[in-house]
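The letters A, B and C name the chains in turn, as written, and every chain counts its residues from 1.
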């Protein structure tokens, strides 16, 4: 039983991680229907910026966080401006392929600069985050993941629910023409959604780095893990992304705990296929409000 | 009211996808503070004219190829909608396109996009003053509103942008007659109280000419007739083709083949 | 028979003319000349390294043409073709090494088995549309990859399988040149089949589904049947190509059949031009050559004196440039090489009066 609970907690916190990673993905998809295959690379870039600043330049941790977030925010902006904007109006598959090309570019660059070695962050998490309940220990990394996820979700929830820019972003996702007719700057919304997605990626990249160490290959693989998560929850739904992330995280951890670690990577996809056969638009896919 | 020209559409041609010509030399003149209605049957080019003014041609792959559009003395044709809306020209789309997954109040807030960051509370109250029904529904998802409520919502949403020129595209589409009347009354009120210039595209010619001061009739991408709203209402041709009565005021009969011939000479 | 020349304008009076592969007799002539050069000249001038590369081009082109039938003509995006290619390769390898099948039946079986696997992953297309389907094929990719690695008794796990020498009618295919003939006969055959699928009823149904599947259904096209058929055909192409590849390479491991390969196939048809058979061939050539050139360059730099230490870190730039080329291509010529080819052709045809 203890083993199960231990796994469950671990699974939930990994699930949280998947959830934030998926959040950035859903954001881009919602605003511009693009499947971003460079997601994992954005994650890795965030993790490496943090590494460079905290370890190589040896600056304080809070500064590293700030620089990473600001940097990846601008990176998202630049990516949209340079690569995605010329593609407006092209077929969807070509835009998707463009993100594949971007992924290869980023991965190549990262490997060139940092090679395939695994790095680790210094342990900056306060020891107080380690929680002991009975026989179960929740290590500080997992607690930090929980906390980071909750903070992020609240911040973004508030942003989308109440801030004007958040409402504009949702309006573009809803009906682009209507948003244009009211003077919403759709291009800025696209750019902003890439920027925010990139920021969110950096966040999950850092957490992943704390959890497993920083390695280009591992981090870019995370980008593909996002697909079962978002499909499970339904591509358009942020709540779905969170629940999908938790489900996949828990199942993966349980499978690797009770069966074998090698099954761990494929089980998400098996669940995905089964779910899609039963519920074609995912568990929480948008039920289209249709009117004639 | 001042007699100043707000919008001047000078002999424009519009081409979609580089091949389909929809407008062939349309000219309009809208004076400040007046309601101008644009009549015509389906496919006459009314919506395209509005799109040319509001800059929404681009997403449809259309372009103004000839002529010019000026608003307050500035050339605005082929400018992107972000620029045009910031000059105060707001189009209310045909078919009432709400943001279905946003609440009523959030829908209205999108209307503040042209002046992002400025306070908007007063404007919300203003919209609720014109459309009290919206206040009751403020936290409802727009996707679940009825047709009349949606029409109020989209007009209200446009009002949030402080428009100088409001382009209304068929607000009466698919609404019950009493609702149409209510909405038209409100449009008239907005025009009088806010001094908003309005271009009204309509199929419901009777209603439109009632509140408008000036009218244009379009056919096949051309303006075929124009005049004071009062005069147009009395015009036998308009009566026959758009108001549904013969020149004598009786209900039209299909036996009257002459009407068909007479209409043809416009085209 | 009258010699048919290209008229200036569309003067087709019968559907038969619209459907003809060769609009003019010159088209036929050029194709014949092309075939003669391909089979009688090229194998003897390009040298063994050239033949090695051409063989890869031919194999990938077969798979790319198949994928283009699915993506470019039917509009169903598959991210699993790398694994399908692998299924064909494994089928042929297992049949040849463990069951003792000869080359020809083994390769054909590779295609058939893959077609079945493709159909299984195509079944979601009955209910799923667009991106959901795309991701279901992505799941197929990863599940198949897992099977390649972990079903050790069948696939040999990471060690893979070594294939016996391929023989056709008692003649052993020893040299690259022998394989060249086998591969390019298949290549021509499959191209011809694809052209014919596209210009007949099936192709028109595929295109109708791509352009608007609801309208297609309204017109009485059983869309599920045709979507599955398209999945089947394109997986057959991929599997057949995979089987050829396995036989040519002589040994296989799970390593090549990853998601990256799936993406490379898609890159081929996009760079070549969606919905263009010739384009797929261009795309396959382009990607294979780029890949080869970049590895050569990396190897060259690695052997340079003085750069030896840096060389390890230069290798990943191969991936960077690969991505860069795809990105630049998409931004500057999104219609692909087929469009470039068309422009070149028509500028020759119209020269010197380009309008």
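One rule holds in what follows: a contact is a pair of C-beta atoms (placed from the backbone, for glycine too) under 8 Å apart; a residue touches a chain by one contact, two chains touch by 3 or more.
It should be emphasised that the depicted structure is a prediction, and the values quoted were computed from it without experimental measurement.
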{"item": "Selected pair, greater C-beta contact count between A-C and A-B", "value": "A-C"}
{"item": "Distance-to-centre winner among chains (Cα means, whole assembly as reference)", "value": "A"}
{"item": "Centre-to-centre distance between chain C and chain B (centres being mean Cα positions), rounded to whole Å", "value": "53"}
{"item": "Rounded Å distance between chain A and chain B, as computed from the means of their C-alpha atoms", "value": "44"}
{"item": "Centre-to-centre distance between chain C and chain A (centres being mean Cα positions), rounded to whole Å", "value": "33"}
{"item": "Chain C partner contacts - residues on chain A that touch it in the complex", "value": "33, 35, 37, 83, 86-87, 90-91, 93-94, 96-98, 100-112, 115, 224, 227-228, 231, 235, 262, 265-266, 269-270, 272-273, 276-277, 280-282"}
{"item": "Residues of chain C touching chain A in the complex", "value": "71, 77, 123-124, 127-128, 131-132, 134-136, 138-140, 142-143, 145-146, 149-150, 259, 263, 266-267, 270, 274, 312-327, 330-331, 334"}
{"item": "Chain A contact footprint on chain B (complex, rising order)", "value": "54, 56, 59, 81-82, 84-86, 90-93, 97-102, 106-107, 109-114, 116-117, 141, 143-144, 154, 157-158, 161"}
{"item": "Residues of chain A touching chain B in the complex", "value": "164-165, 167-168, 170-171, 173-187, 286, 289, 291"}
